[in-house]
Each structure stands twice: as structure tokens, then as C-alpha cells.
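Common to both upcoming complexes is subunit A, partnered first by subunit B, then by subunit C.
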Partner chain A sequence: MREVDLAVVGAGPAGLTAAIEGAKRGYSTVVLDMNPRPGGQLIKQIHKFFGSREHRAGTRGIEIADTLFYEAASAGVEVIVEAEVYAIHDSTLEVVVQTFAEDSLILPSEEATTSRSRPLSIAARRIVLATGGAENALSFAGWTLPGVMGAGAAQTMINLWRVLPGERILMVGAGNVGLIVSYQLMQAGGEVVAVIEATPRIGGYGVHAAKIRRAGIPILTSHTIVSASGESRVERAVIAKVDASWEIVPGSEQELEVDTICIAVGLYPNARLASLAGCELHYFPGLGGWIPVHNSRMETTVSGIYVAGDLSGVEEASTALEEGRLAGICAAASLGKERAGDHDEIKAIEGRLLGLRSGPFCQHRQDAKQELIGIGEAQCPQQ
Partner chain B sequence: MEDDTIVCRCEEVTVEEIRKAIREGAVDLTGVKRRTRAGMGLCQGRTCEKIVTQILARELERPVSAFKQATVQAPVQPITFSLLAEASHD
Partner chain C sequence: MSPAINPPSYPSQQELRNAPGYPSQKRLEKGPVVAIECIEEIPCNPCEQACPQHAITIGEPITNCPHLDEDKCIGCGLCVSQCPGLAIFLIDLTHSQGSASVAFPHEYLPLPKEGQTVRAVNRAGEPICSATVVRVQNPKTNGQTPVVTVAMPRKYATEVRGILRAQGGKKNGG
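Showing the complex of A and B:
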């Protein structure tokens, strides 16, 4: 049994920043991540982020991941990759780690093929869950055929593994994920036949939509996928127009010759570990579904367990960076004396989060988070 | 959705099978799960849970928020029995 002050599940933007704050305050900190490389979804974000300078606008996500990992390692955080947390009980995490040497847990070796799975128990005084989100599925005739996949999966294939999932692609969903992944599939050499969106409006940012349109790809709003078909994999898709009550407009069906259908219809918080730990969940459709209730210090209804990032409401990498920092500072502060400056830092983070959640696209998230924290302040343990 | 559209691909459960389970008395995810095995495969409902919830909501004319997620059990990631056994000796 390993004993640490702070254990963080998930090495994405939220998990890494939480860990950095814990380690900076002198607490032994471990981050566990199931992937072979730390950074969460950042490692496949090859595009430059935009927004403000303090949220690293102009930097590619993959570079932010490297910077965060370097910062974490310098602060003394132990990042254990290829570690699957399969259970949580009494502030102990049950983990399976892939390692071929007991003491080389930091990063996978080039000789990862010689690795061996072994179980590891980690007892932690505080836990930050930053398990992120998962892609929503869509059920339609033929969706189980090979060639239908999540847009995130396609993005992993092209940007991480350099494999083009298909030649002719239909993208379902015109949110930011659908738009960005469509563009990256083109960059990788694929032909995106169309982007369809069931709502009457493009959900993603105009700048991403414009890039798609300039490339001549139609973005068809009020369109849904009806079916996929093919012999042993996707060979064609049928799409159709939908009316205001989401019913298919008869006669509007059209057949597209595609071999790949990417589904980009949003994410939901991956709350399994939080749920297993006994955290109360509350349903917020605007934040992706069932979210662990947390207070303004990111602490859940289970004392000592904190949440951050997409798990505490599906948002963006920038909000995840801030929430992780907040969770890390608060978890560390609860372990001992609050540091001089913690209060100001918390106020500054809250201010930046407010900024990130303002504007026509984001105000609904601010309102939902406000309500969530309101419930949390009433239900979560008091300091 | 057509009746024969698959909802839970791990256990190959169709829309009609889920509707039938609801007609036979299932009022939540656990009820559907026990009657059809939807959500009991390798992915443990990660893919289909939301879709099953939408079908429940539509059939029973209740909001999606009225249906809690299915109870989560350890292990939340698929692991082998030998590792579980090794862990218990730790």
C-alpha cells in the first residue's frame, strides 16, 4: 500500500494543474492516468488555442500538455501513466499499473512491450478526480458497422497514431469538436463529404465553421443521420432534413457515399469513480449530464474528494486548467495551514473562470455552475 | 429509431427489446438492465446508457433527469481475475 498526501486521477489539464498546486505546497502527490502519455485530450489538439494570453492562446494543445507535464515533474509530482484506477473505497484507490520495473513508474519505457500488469493500492489523504468526459453515442440503423466512430476516436487516430480512418467522411455534429476534427481529417488527407447538424444552428465557434466552409465542405443544419449501410463496413449513409419537432421531413433523404461516419454529438462527464466513491450527482443537461455536486472549493459531498475539469461539467481546456488549480489549492489548504496568498489566488481563479464563462456562448454554463455550487454549498462538508 | 436498431452493442440489445422490457414493468435503467442485459457488456453502459435513458424517458413520458445512472460497481475498468486476486494479497 502506497501512502500519499494527494492522489489525482486523470493527467489532463485539470488533473495536472491540481497536482502541481499540491506538490508546490510540499505535499506528496501522485497523478494516475490510463493513457501512455500525460496531457489528456490536449495531446491530440494540434490546433492553436485562442482566447486570452493567460489561457495560452496561440499555443497548440499538445505544447500545453508538454509544458504542464514538465511543470508537474519539476514540482515533484509523480505521474504514473498506463495506470487504470478500477476502484475507490475509504480514500484508497485500487489501480492496475503497467510496469516492468517497480521503480520506473514515471513514464512508459520504449520497451513497453515487456511490461507487466500489477495491482497497486494507493491510500491518499485527499483525492482529486479529474476523469474527464466521454463521447455521447448515437443509435441509428447500421451504427454498429465498422467505420462509425466517435469524432474523438478519429482525432486520436489521425493526430496521435497517424492513421486515417477512411477516405470519405461524414461528420455528424457541428459543435467545436465536429468542426475541428473535420478540418484535421482534411489536413490528414481525408475527404469530408459533409458536416451535418440536427439543430438549426452551428454550435461551434464561427472561426472553425469558416475554415470548413472555405474548404468547400457543406455544413447542413437541421439534418440528421438516418442510417449507415454496407457489406462488412460503412459504404454509404442516408441523411435527411428534420423539422422543428425533430421529425424527418419525408422525401428529404439523400444518400452519401462515405466509408467513415464520425459522431460528434457532445460529451458527458465520466463520473463512474465519483459515483463509486459515493459522491452525490445532480443532472445538468447544459454541462453534459450527471455531475458530482461540489462546493466553491471543488469538494464533493464526500469529504476529502475533489473534482475538476469535464467531470465537474463539460466545458473547455481553459476552464479545466483553472478548476484543476482551484481544486489543488483547496485540497492542499485543507491538509494544513492555508498559505499566505492562497486566498488571493483563489479569488483570481474565480475571476478568470467568470470571464471564461461569460458571453453568449458560455453564460448558460456560468448559470449552471452557479446552481451546482449552490447545491454543493448546502450539501458538501463544511470547512 | 427502427425497432431492430441496436442500442447496446456489447450485448446486442435492440430498441424493441428495451421497449418490451419497459412494457413489462421496467421503470429505470436497472430494470431494463436486469431484463435485457443492456449495459452489462464490456463497456458497462458507457456507450448506451444515455440512449437507454432517452428511450425510458420517451416511453414513460418523464424527463431524462428522472432517471438516475445505473449503480456503479467495481471494477470500473475491465481487469483480469488474476490481477484482482493478486491485489487482494497485497
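Showing the complex of A and C:
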């Protein structure tokens, strides 16, 4: 049994910043991530980020991942990759570490260096869950055919593994993910035949829509996918108009010759581990679904377990960076060594989060988070 | 709600004329100036820091649309590659007798070559005229966002926002 002060699950922007804050305060900190490389979704974000300079706007996500990882490593954080946490009980994380490729980015620990798949138990005084989000599925006739995939999966294929999933692509969903992945599929050499969106509005930023429009890709709003078909994989898709009550407009069907259909219809918080750990969940559709109830210090209804990032409401990398920092500082402070500057730092983070959650695109998230934290303040352990 | 830019999913001339980041016709006539086609209140401000002349202001809150001080803008174009939304264009109506130039971010390979004749496209991706590639700039400070400048007949300068991509012999997507 290993013992650490702080264990963080998930090495994305929220998990890494939480760990950095813990380690900076002198606490032994370990981060566990099931993927072979730390960074979470940042490692496939090849576009320049929005936001402000303090959120590294203008920098590509992949570069932010590298910076965060080195920052964590130099703060003394131990990052164990290819490590899946499958249970949490009595402050102990049960982990299975899958493989240890010679060249994987592991900072080796004493216990975990040898075998290809071995169990590991870690007793942690505090836990930060930063398990991120997962893609919503969409079912339609033919949706199980090879060639139908999440937009995030396609993005992983092109940007991480450099494999183009197909040559003629239909993107379903015009939120930021659908628009950005469409752009990146073009950069990778694919042809995006169309982006369709069931609602009458483009959900993503106008600038993302504009850059794929000037590349000649049509964005069809009030359109849905009816079916996919093909011999052994996707060969065509049928799309159709939908009316105000989401019914297909008869006769509006059109067939598109495509070999790949990407689904970008939103993300939900990956709350399975939080749920297993006994954290109370609450349903917030505006934040993606079931979310662990937490207070303003990001602590859940289970004392000592904190959350951050998409798990505590699907938002963006910039908010994840801030929430991770907040969770890390609060978790560390609760271990007894509140530093002189902690209070001011927390106030500054809260101010920046407020800024990120303002404006017509983001205000609804602020409202939902406020409601969530309101519930959390009543239900979560008091300081 | 923010200004509706859908359909057709890019800003209309009317929306651009009202946008605080879009230069006046008078300023455009004077020579190189940027056009910031960012009309939604999204949390983003790298353009503000990119401008050495302090001609771009976002301020607080960060969701403000960028405001261009068109008299301060000297048309250096340094902001073009720095906008994460690829929404800034450098327009020079005084490029030469009868022709104008437009510079835009172009994150596709292969890059066009200087001197090459290309098809210039409008905001809807429709080819509207022939253009000549004047410059292809990709210094390290661009952060891997190459900026391509093309020259075309003057009347197209407020419409041209890109070029047909070279796609290994295939035509433009869509």
C-alpha cells in the first residue's frame, strides 16, 4: 500500500493544475491517468486556444499539455500513466496499471516499475477527481456501422495517431467540437462534405463556423441524420430537415456519399468514479448531466474528495485550469498548511472564473454553477 | 442573445459595418488596415496584446468584442496570425494602381507559393476571382499560423477571405 497526501485522478488541465498546487505546498502528490500520455484532451488540441493570456490564449492545447506536465514534474508531482482507477473506498484508490512500455512517459515509482499489468493500492489523505467528460452518443439506423464515430475519436486518430478515419466525412453537430474537428479533418487532408445541426442555430463560436464556411463546407442547421448504410462500413448517409417540433420534414431527405460520420452532440461529465466513491450527484442539463455536488472549495459530499474540470460541469480547458488550481489549493489547505497567500489566490481564481463564465455564451454556466455550489454549501462537509 | 450569424454562419456586411473592429470605408481608402471580423461576445483577448500600436482594445470583461482604433492601426498585420479565431484580415486598397491586397491566416498544407495564381474565395468559400500570391509569411512568432497575402482587383477586397486549398489534385471540399 502506497501512502500519499494527495492523489489526483486524471492528468488533464484540471488534474495537473490541482496536483501542481498540492506539490508546490510540499505534499506528496500522485496523478493517475489511464492514457499513455498526460494532458487529457489537450494533447489533441492542435488549434490555438481562446481566452486570456493567463489562460494561455493563443497557445495550442498540445503545447499547454507539455508545459503543464513539465511544471508538474518540476514541482515534484509523480504522474503515472496507463493507470486505471477502478474503485475508491475509505480514501484508498484501487488502481490497475496496465502496461509499461519502455518509452512511455512514466515517472517511475518504487512500486510500479516492473510488470505489464499489476494492481496498485494508494491510500490518499485527499483526493481530487478530474476524470473529465465523455462524448454523448446518437442512435440512428446504421449507427453501429464501422465509420460512425465520435468527433473526439476522429480527432484522436488524426492528431495523435495521424490516421485519417475516412476521405469523405459528415459531421453531425455544429457546436465548437463539431466545428473545430471539421476544420482539423480538413487540415489532415479529409473532405468534410457537410456539417449538420438539428437545432436552428450554430452552437459553436461564429469564428469557428466562419473559417469552415470560407473553406467551402456547408453548415446545414435544422438538419438531422436519418440513417447510415453500406456493405461492411459506412458508404452513405441520409440526412433530412427537421421542423420546429423536431419531426423530419417529409420529402426533405437527401443522400450523401460519405465513408465517415462523426458525432459531435455534446459531452457529459464522466462521474462514474465519483459515483462509486459515494459522492452525491445532481442533474444539471446545462452543465452536461449528472455532476458531483460540490461546494465553493470544490469538495464533494464525501469529505476529502474534491472535483474539478469537466467532471464538475462540462466547460472549457480555461475553466478546467482554474478549477483544478482551486481544488488543489483547497485540498492542500485542508491538510493543515494554509499558506498566507492562499486566501488571495482563491479570490483571484474565483474572479477569473467569473470572467470566463460571463457573456452570452457562458453566463448560463455561471448560473448553473452557482446553483450547484448553493446545493453543495448546504450538503458538503463544513470547514 | 448574441448577434445571429446563422444562417449563413459568417458575418453579414451589415453586421461588419456595425462591428467595433471593422474599419470605415474612409480608413480603408487610406491604406493598409486590419478588419477584425469578430462580432460575438466570446471570452478571448490575444489580439489586444498582439498590437504594438495599442490599436485594439477589449478591456473588461474579456467577452467584449475587439474595438479597433483605426487611426492608430498602421496595418502591420501582426495581429492576423495571433487571433485564435482566424478572424483578422489585413486589407490594403492601395496595394497598386487598381489592385488591392488581402492577407489572411492559412493553416493548410501545402502552402501556396509567391507569384502563384490562385482562385480567391469569399466568406462562403465560393471562388470569386483570380488572385496573385504576394507573400507567404510563417515566422516562428506566428505560432505555425502562416499568413498569405494575395492581390486581386480592388472591388473584391472586402469579399476575398481565403483561397481554394490545394488538395493533392482534389477540388475544394464541399
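Please note the rule applied: the second predicted complex is superposed on the first by the 366 of 383 C-alpha atoms of A that agree within 3 Å, B and C clash if a C-alpha of one lies under 4 Å from a C-alpha of the other, contacts with A are read in each partner's own complex, and residues count from 1 in each chain.
Rule of thumb we're sticking to: contacts are C-beta pairs under 8 Å (C-beta built on N, C-alpha and C of every residue); 3 or more make two chains touch, one makes a residue touch a chain.
Predicted model, so just to flag it, every value in this text is computed and none were measured.
Contacts of A:R60 after superposition on the shared chain: subunit C is touched, whereas subunit B is not.
Residue contacts after overlaying the shared chain place A:V238 against neither subunit B nor subunit C. Set side by side, subunit B and subunit C differ in how many residues of subunit A they touch, and the one touching more is C. Of the two partner chains placed by the overlay, only subunit C lies in contact with A:K48; subunit B stays clear of it. Contacts of A:N136 after superposition on the shared chain: subunit B is touched, whereas subunit C is not. Looking at the shared chain after the overlay, A:L256 reaches neither subunit B nor subunit C. Touch criterion met: A:Y205 reaches subunit C, while subunit B stays clear of it. By the touch criterion stated above, A:A215 is placed in contact with subunit C alone, subunit B being left untouched.
In the superposition on chain A, A:L281 makes contact with subunit B only, not with subunit C. Shared contact residues of subunit A with subunit B and subunit C: none.
Partner subunit C is touched in their complex by these residues of subunit A: 47-53, 57-60, 186-187, 189-194, 200-202, 205-211, 213-219, 221, 318, 355-356, 358-362.
By the touch criterion stated above, subunit C contacts subunit A in their complex at residues 1-2, 4-11, 37-46, 49-50, 60-63, 82-87, 107-109, 121-126, 143-145, 161-162, 164-165, 167-168, 170, 172-174.
Subunit A contributes residues 1, 34, 84-89, 94, 96, 117-121, 134, 136-141, 143-144, 268, 271-273, 275-276, 281, 283, 285, 289-290 to its touches with subunit B in the complex. Within the complex formed with subunit A, the subunit B residues making contact are 1-2, 4-7, 9, 15, 46-48, 50-51, 64-65, 68-69, 72-77, 79-80, 83-84, 86-87, 90.
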